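Pasting the structures in now, so scroll down.
Both of the next two complexes hold chain A, though its partner changes from chain B to chain C.
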Partner chain A sequence: MTNFTRRNILKTAGAAATLPLLGTMARGTAPLKVAFVYLGPIGDHGWTYAHEQGRQAAIAQYGDAIETTIVENVAEGPDSERVIRNLAEQGNELIFTTSFGYMNPTLKVAKRYKNVKFEHASGYKQSKNVASYNARYYQGRAVCGTIAGHMSETGVAGYIASFPIPEVVQGINAFTLAARKVNPDFQTRVLWVSSWYDPAKEADAAKALFDQGADIIAQHTDSPAALQAAEQRGLMAFGQSWDMSSFAPTAHLTAIQNNWGIYYVDRIAKVLAGNWSTGSTWWGMKEGAVEMSPFNDRIPAEVQAAAIATRDNIIDGSVPAFAGPISDNTGTERLAAGGALDDGALNGIDWYVEGVSA
Partner chain B sequence: MLLELEARKEPSRSMLYLTPVIAVLLTMVFGAVIFTLLGYNGLAAVREIFITPAIDIGRWPDLGIKAAPLILIATGLSIGFRANVWNIGAEGQYIFGALAGTGVALLTWDMEGVWILPLMCLAGIVGGMLYAAIPALLKIKLEVNEILSSLMMTYVAVQLLYYLMRGPWMDPEGFNFPQTRLFSDSQLMPEIGDTFVHIGVPLAFIIALIAWFTMSKTVFGFQVRVVGAAPHAARYGGFNKNRTVLLSMLAGGGLAGLAGVFEAAGPFGQMVPQFPTGYGFTAIIVAFLGRLHPIGIMLAGVILAISYVGGEIAQTTLGLPNAAAGLFQAMMLFFLLATDILVKYRLRFGSAAPGGAK
Partner chain C sequence: MNDYLLISFIMTVIGASTPILLAALGELVVEKSGVLNLGVEGMMLVGAVTGFAVTSITGMPLVGIIVAAITATLAALIFAYLTLTLTANQVATGLALTIFGIGLSSLLGEGFVGFTIDVMGPVFPAGLAEHPVLRVVFGHNVVVYFSIAMIGAVAWFLKKSRAGLILRAVGESDSSAHSIGYSVIGVRYAAVAFGGAMAGIGGSYYSLVLTPMWAEQLTAGRGWIALALVVFSAWRPWRLLLGAYFFGVVMTLELYTKAAGITLIAPELLAAMPYIATIAVLALISLRKSAGAQAPACLGQPFKPST
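Moving on, here comes the complex of A and B:
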């Protein structure tokens, strides 16, 4: 309430002086209420933590012009529907729902609250007031794959995966393709844990994969548990969503960082300016939405150079992550030399490249 | 000044019903103290978690939706618990019942008719019963401990769910995302008027009342209570223990299965791998907090629902971490178990008089 009073005084005192400035701020002077629904705890140091960093970036950018609310640990399904509905009820004007399982609940709530704008991460359905966004993590996976191809002594990587949805399959394939460019015999063994965040299961999966001969772990789950397991065994792993090196200073080679801040800042700007519209956004390394965290010093200089080359080639488009020829793991050729998989093919991908056992 | 426990000649009936109330009050007091010490506004935390959702009529639909499955499952479990049959696997029966209902929904997905939803409910009841019959028969025929077998069957049900979602029952138009089609209008629980409350919510309360009548007014209810309280007397009275074990397990499984269909065809509107959210386990708390009595179970279900919904409110209004709600629920169970001693013992203040209970 004190804020309100202060703002009221400002408004009346400086109304005439600030009128021209209000042109871009079509909404008036009350702060824009923005809410975030998180799947895990902020302290997962992975997926949710990265979204939280994005929120912090938005706060740093807009300060008092926005007022943000978060709800963490929201189970996918009916619980999320209730949380999203209540956030809309509480007057939030822009709501980011940051997990795939929130897709149908978000659409359901959006039907009732037509004036609220919703942003759903990692889904495939949009509506008039529901936009969707995701990042091209697979581009980062290709960089990890290049490193794995050089660093692995057994030539076998373990891959801890959640669900075989296109986003995850893209990552497994991009990682394996890049690794096999370095070491043509490279193998990726996938273990499904059927959860996005389950530290105990993730640690067990890592140990099982190490026991099967893997000496390097990549993961599409959110906790640093697998990295800790790698640290204990003196082996290697890649971080997920954010720099996880503090959990495994020796084992952590690099991590794919999801830089949601640039998207959040952009979308909030559009709402503030009154020109938000729905759509589907899929940014990658070129836009800065996907970045590599600092390389571990144990990676030799020439391997670091190869990794950087993979990244730069993806950014400038000279060698995309899915460049032909590509064969699947049954031996069928899926793409001839010279081609590249387009976004349509990537969004429906349900097969694995040669070298993957899933 | 010593505090002594003195055995009561008979368990105190008033304490039997007072201790849950005392437990809730102690939870509020200790919760306020703990969160104040942690630097939050402790009183406000208790208000937002326990009072706000209870007095705000706008929240009641949420409470009903959250409480309904807990009440249904706990009602079924309480029948078994009274007969000293420890069915810990209600979560598995809940999943299996929901899968049975989903199976009907997928078989009839291109059909219309008012008979579809009742058939799904029937399939859910039968599915839950069949799943509970396994540990029941193992106990009767082979004297396998039902606590272990029913609990382990839960994990089998979860794996079956994952298998069906990733394979045979996957939505063919769902981009390989592991989930079924959305249910059609003939397969969804109708919503009451303009609210988002599905008819399963009032039905859950009505079924709990029917269970109350059955347990207190019928021979079956009497038999269950005698078998649980005095197995020898039951045998002399000619009651068949095995039959009671089987029937009470079937009742628990049937109601858990029905709750599963209500949840799948209600708030979820489809089947997803994230379907199990622990209702089957939380219902055990509800059953005991409610003193295995249907009216108590209704109240306990609502109290648990309040703590869930309130936990989310506290996150959005006070910035309390999500773990707060879990802390409050755990304290509630802890204090309930701790104060339970007052049912059989009375507290005595005063000197250690000779002859006092040792």
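Moving on, here comes the complex of A and C:
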């Protein structure tokens, strides 16, 4: 593996430019060059860390058959376009760009490098050589909701959320639906912090929620600050993206883990076999792309069993995360009993289920 | 609001206010000497990362805070050398210092991501510090009391001490101070160093107390709020104390009202309040034109001794 910093990438860009398209020639025995563009540092213990684990899984699978390159800390926007272009220029044949804000830069670079295959995480646009992929985090939220319904003594959860986009709204709703199946009076108080990452604000948000009756916190922001606040108060919280239990050994009940490795291994196999094609992939717990990190021992066995049942029911499809009847928080029925929200409805979701105050 | 909630709210406000108060107090002294250092955010981050690193190695938060003050002072001295000795543009250099601080702190912190430390406890014994009501006064760590004490110290220094008068003279009229034999550059170096130390302590408050961990850009823009606060306070220490707590109340109120489901005031408006208030104060100052309420006359101007 070569760990390039942005600076080194720029330095080598000149040299690489003199070897145009070398990497896209017939492979022969040369390893497949795969690159990953990361938003944060690998050590963020969240989003980027999870992608890095995915890359490690791919290396474990293919060994010398692939040669991977990573670039960390790539800001979204123009900076990322330069990084992606340089990676394409260096002969990488498959490039994973792992943040929403890389969507347009990825498409732009892909137009120029038609022989390079691109994979963009969490976006909604595709092209001939740009596929997109995301994971059904909301399925993991449902498992958290089941646990919260059992474990919360006040029946009130705090939910620290970034921005009201469908991905976040799905999570809030799935969490609340599952919790209310256990405790019909369960309430979820959503606190928008208008940021993916502001540790001090996330910690203060957790305090504000705890001070007003919540005893358990779920979050859709990236830092472990809220978990630390829960640990200090002796209360409970769920981790985000990866196991964050080292920050809050007692408070951390479980976390939703994004298991990208399973997708990376599959896509690399397709490139190696020469049958890669574009498309949009939305894998969940069934495929293993979303997993729960180990349950905290403080969760009683029967609650763990209930959480596992929620997971298994989602996996075999018997009780989807969004199974009817569903009413929204104004009392209007959104889905009758027996139905389930389809992907189209989920991707456009802009309302909250009963029990959510947002 | 019941008593428990009120007291919890005040505790959160004090936590949110203390680091910006420290950083802003340092910047106030810097600006009083006629230097504008926009690198507060960068210095805070340098302090945050070094304070955390040293605390996680030694297990002693006080040592971490002292190291944070020293390293942020070193960062400030780079700024001082560029702007005072080489008379570089202060605005550009200050912005560069922020960018430098973000990058340097990321680099230094790389090996410390994911570490945890024990949070500094309150100064007073548990009987007082955990009392349901008295904890408002006694439930804080040493940095909170230090920040209040420093306000008093700086206010006294600027108003009553000879050195403080010299510093203000340098900030109001550098050429006059120079002509009667004071070292303008020397005074400004000292002021910038003090500003760095205070920003470093303020930054370390995030990594050691509020969110005891290291992550990139941990301070998430609080340095800019500190800069706004200096203007908001009209360069007066006691008003700075009021302003810091006002900003803290506004930032915390945004979260507490949202958590309570109260939407009387748009949360976006509350989030913007520190900046709106600063603009309002700036407008008032420029209307009033009374001496003392204005910016130091030489603020941001490079000084070249004529001889």
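Going forward, the second predicted complex is superposed on the first by the 332 of 358 C-alpha atoms of A that agree within 3 Å, B and C clash if a C-alpha of one lies under 4 Å from a C-alpha of the other, contacts with A are read in each partner's own complex, and residues count from 1 in each chain.
Here, a residue touches a chain if its C-beta (ideal position, glycine included) is under 8 Å from a C-beta of that chain, and two chains touch if they have at least 3 such contacts.
Bear in mind the structure is a predicted one, so any value in this text is a computation, not a measurement.
K.L.:
With chain A superposed, do chain B and chain C clash or fit?
P.N.:
After superposition on chain A, which the two structures share, chain B runs into chain C.
K.L.:
Which partner does A:41 contact after superposing on A: first (chain B), second (chain C), both, neither?
P.N.:
both
K.L.:
Once the shared chain is lined up, is A:104 touching chain B (first), chain C (second), both, or neither of them?
P.N.:
In the superposed model, A:104 contacts chain B only, not chain C.
K.L.:
Once the structures are superposed on A, label A:318 by its partner contacts, choosing first (chain B), second (chain C), both or neither.
P.N.:
So A:318 meets neither chain B nor chain C here.
K.L.:
Taking the superposition on A as described, I'd like to know which of chain B and chain C A:158 touches: first, second, both or neither.
P.N.:
second
K.L.:
Which partner chains sit in contact with A:211 here, chain B, chain C, both or neither? Use first/second/both/neither.
P.N.:
Touch partner of A:211: chain C, not chain B.
K.L.:
If we overlay the two complexes on their shared chain A, which of chain B and chain C does A:223 touch? Say first, second, both or neither.
P.N.:
second
K.L.:
Is A:82 contacted by the first partner chain B, the second partner chain C, both or neither?
P.N.:
first
K.L.:
So, does A:166 touch the first partner chain B, the second partner chain C, both, or neither?
P.N.:
A:166: touches chain B, not chain C.
K.L.:
Which partner does A:73 reach: the first (chain B), the second (chain C), both, or neither?
P.N.:
After superposing on A, A:73 lies in contact with both chain B and chain C.
K.L.:
Between 56-64, 254-262 or 326-334, which chain B stretch has C-alpha clashes with chain C?
P.N.:
326-334
K.L.:
Same chain A residues contacting chain B and chain C, which ones?
P.N.:
41, 73, 194
K.L.:
Quick check on the complex: what are the chain A residues that touch chain B?
P.N.:
35, 41, 69-79, 81-83, 85-87, 89-90, 100-101, 104, 124, 163-166, 169, 194, 347-350
K.L.:
In their shared complex, at which residues does chain C touch chain A?
P.N.:
Interface residues on the chain C side: 4-5, 8-9, 12, 15-16, 106, 110, 113-114, 116, 119, 206, 210-213, 215-222, 251-252, 255-256, 258-261, 267-268, 271.
K.L.:
With touch defined as at the start, can you tell me which chain A residues reach chain C in the complex?
P.N.:
It comes out as residues 40-41, 43-45, 73, 158, 189, 191-195, 197-205, 207-209, 211-212, 214, 223-225, 228, 232, 246-247, 357.
K.L.:
Could you list, by residue number, the parts of chain B that touch chain A in their complex?
P.N.:
Counting only chain B, the residues touching chain A are 58, 62, 65-66, 162, 166, 175-178, 182, 196, 263, 266-270, 272-275, 277, 308-309, 312-313, 315-316, 321-323.
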